[in-house]
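If you scroll down you'll find the structure; I have some questions about it.
Chain naming follows the written order as A, B, C and D, and within any one chain the residues start at number 1.
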Amino acid sequence: MITHFYDVIIQTVCRLLIPFIQVYGLYVIAHGHSSPGGGFQGGVILGASFILLCLSHDLQEMRKRLTRRTILIFCSLGVTIYAGIGFVCLLLGGNYLDYGRLHRILPVDSVAARSLGIFGIEVGVGITVMAVMVSIFLDLASEEKVREG
Amino acid sequence: MKWIALIAVCLTGGLLIYGTVDMPNWGDPTSPASLHVSPRYIEKTVEETGVPNMVTSVLADYRGYDTLGETTVIFTAGMACLLLLRRFGK
Amino acid sequence: MELIIGKYNYWIYISLMMIGFYAMIAKKNLVKKLIGMNIFQTSIILFFISTGSKIGGTIPIVEQGAQVIEAGQYINPLPHVLMLTAIVVMVSTFGVALALLWMIYRKYHTLEEDEILRLRR
Amino acid sequence: MNEISFPILIIVVPLISAFFIILVGLLRRDLCYPLMILTLSFSTLSSISVLKEVLWGGTIHYRLGGWLPPWGIEYVIDPLNGFVLLIVSAISLLIGITSKRMVEREFPEKATFFYCLFLLQVTGLLGIVVTGDLFNLYVFLEIASIAGYALIALGEDGAPFASFNYMIYGTVGACFYLLGVGYLYIATGSLNMADLAQILPSLLSSKVVLIAFAFFMVGIAIKMALFPLHVWLPDAYTYAPSAVSSLVAPLTTKVGAYVMIRVALTVFPPAFFIETLPAALMLRWIANGAILFGCILALAQKDLKRMLGYVLIAEIGYIALGVGFGNRNGLTGAILHILNDALMMACLFLFVGAITYQGWPRKMDQLRGLHRKMPLTAAAFVIAGLSVIGVPPTCGFFSKWYLVLGAIDSKEWLSMAILLASSLFNAILFFRVIEKAYFESGKEHGMVQRTMEIKESPLTILLPLLVLTAGVLSLGLFSGKIISGIIRFAIPVYFK
């Protein structure tokens, strides 16, 4: 149960911080190739930014930006991207998750295709992790309050 | 109950310590773990996948299927919380 | 002596594991059990990570413009990868466990094991 | 497609459709069920074709991501895998068909998520069976477990607490398994099962390997609810919703038994398990205890479902006993019993699900007059019960026969006595229920009032139940063929 209290300082600081946190999360996902990071870590940072939004404002504020429906779609979209990329590799004649085969549809050689495939699945992982983190938080926090499919 | 728990815990810990006797020392560069499978990950990663971060390349490519499983685990957890806690409108 | 100094990483993880395991078995409060579970899993993560280390090795990211790559230069990336997966599993288990605790609390209004057992009778 | 891609499609198709069910459920909720059935049928069909392929053409290797085995993850399907794969997918298909009615009755608004988790649970179990990599096995074990915790917690009354207990035990089991993987990794540097099987024979004197083996065994024993570590099972399966308990009860424990056979006899050299260590001996003693304990406690239960839980513990004891004998006949019995027990337990738990669905009370002493109201359902129960006892034409007889032969081969007279005594106990147990259901009229007490309107179960529940019953009967008749055609190849080379 989240009790509402409105504190100007907390709200303003969080409002200022959240965009930067989100950009940093995206950076961590995108830069996982050459520095520590990757889909999971970036996804957690993105999820944390939304959770911070819930904590500093309230759930209604959150709902304006991400509805339950959207979160659900994101949850399933991320894993589908991952499994789907693997499936495309299968259709292109390789084994499952053999990203090297992607060079048949991308204008690059097979090593670069692997690199791009890895990036694709990192994005998928990031989306799912973010959505699931927010979803679990909302389910735990909004106990019986939210009546919305 | 407390005593049984303590005995069980000490037994487990003792067994684990007994196992460490034959283990390589900390940071030993010639341990089997650093000689058998992992050298290929270190030496070939840039050549084969074009990714300098070995953790990423092993995570997403060499052992990519584990990561698919991992993502599925977290998806499962999300759906599980949803199934258990959410009250659905009429 | 060699046994303790050369392998101190194992001793640390085993003592952490024993703490966690004890809390899981002996504590009567469900939240404390959960915390014990978390300590247990974290100790396993420490264990795996410590197996990947090499004296004289650096983080497993190939330096820009490195020509020759030798296995001894970088620490073993495989345990790190395994543990990223294990961390995710841990987080997921924890999330589901919290959801279960919510349901239990809603039903019995307590999280003490003996009280729940008494109420169920 | 350059290689045969059936092995991967068995896993990936249910996985992807579990994700799609969520999206489909947002638009049309009534499409979820057909999608799930379609997926499960596809899995069943492909596992049939994979089993055929394996039996004719030898072991299938499938390299995920195209990487060679010790570096990448590999699927290895040999006759043992293929056999268990077929059991898991076929039974989950049958239970999946029945789930619709039960879900509509118990929690209609959560149907989408229920089907999603149901598919994930099946995917997890299938993934455990086909993989050839120890860590990958752990990941799929966790998928199956987490889905299982959630599904069990949906049930009545004490379900969340039972599920939480299951989770604590299950996590300890999984962590022990992971510690075993870690110790093996330190000793060998590899995670691939085939690779390990080559490296390990030269390392058997190492203490690390010994401890790794011990932790594997304890971890798996928790997951398969072997006797002293079974505490979570009766509660969890009693309170679970009927659709869930008839999926989870037959399959999770059987898959655990499969993992035990796989790790103890193919990853580690069998001689290590049987001769070097007293592990086989210990397993025999534990299994003896499990059988006795399960049978006796089952006699004391009043709740039908809880009674079945204890019967299940005894049945797991049989499988462990067969493995513990460490000879050809014993192992044949154990592998055959994986099949038979999965069928029997699915049948029995489905029976309980069917009568609960019709509003019949689940208590033992209130079954009077059941055969009049639900003749076919009651008949299914009788046949499955006879099979648990081990009466000849049913399949339960044959696996027990091989277990007894195994006991004779390894000169374990005590185990043989316990096997025979357990049949006696089961006979008392089931004849008591059958007597209640058939030979006592429902004219006394207020039973007539309450059970007046009860009819035979609906077709979607009855049909799978009858298919399972037919399976129990016909597999008994064909068990010679199954042994000579499949199980003979499934036994590790060491025992041939």
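In the analysis below, a residue touches a chain if its C-beta (ideal position, glycine included) is under 8 Å from a C-beta of that chain, and two chains touch if they have at least 3 such contacts.
For clarity, every value in this text was computed on a predicted model and none was experimentally measured.
Counting C-beta pairs in contact, the chain pair with the highest total is B-C. Centre-to-centre spacing of chain A and chain D amounts to 36 Å, using the average Cα coordinate of each chain. Computed from the mean C-alpha positions, the centre of chain A lies at a distance of 24 Å from the centre of chain C.
Centre-to-centre, using mean CA coordinates, chain B is 26 Å away from chain D. Residues of chain A found to touch two or more other chains are 34-36, 38, 40, 72, 75-76, 79, 83, 86, 96-97, 99, 129, 136, 139-140, 143. Taken residue by residue, chain C touches two or more other chains at 21, 51, 61, 79, 82, 84-85, 88-89, 92-93, 95-96, 98-100, 102-103, whereas all remaining positions touch fewer. Among all residues of chain B, those that touch two or more other chains are 16, 20-21, 23, 31, 33-35, 37-38, 41, 52-53, 55, 59, 61, 63-82, 84-85, 88. Arrangement of the chains shown, judged by which pairs touch: all-to-all, with no pair of chains left without contact. Note for the complex: chain D touches chain B at residues 15, 19, 22, 64-65, 67, 70-73, 109-110, 113-114, 116-117, 120, 123, 127, 135-136, 139-140, 142-143, 146-147, 149-150, 153-154, 160, 179, 183, 185-191, 199, 206-208, 210-212, 214-215. Here chain B touches chain C in the complex through residues 1-2, 4-6, 8-10, 12-13, 16-17, 20-21, 23, 25-29, 31, 33-35, 37-39, 41-43, 45-46, 52-55, 58-59, 63, 66-67, 69-71, 73-74, 76-78, 80-81, 84-85, going by the rule given at the top.
Taken in their complex, chain D has these residues touching chain A: 1-3, 5, 8, 12, 15-16, 19-20, 22-23, 26, 62-66. Chain contact summary for the complex, chain C toward chain A: residues 59, 61, 84, 87-88, 95, 98-99, 102.
Residues 32-40, 72, 75-76, 78-79, 82-83, 86, 96-97, 99, 111-112, 114-115, 117-118, 121-122, 124-125, 128-129, 131-132, 135-136, 139-140, 143-144, 146-149 of chain A touch chain B in their complex.
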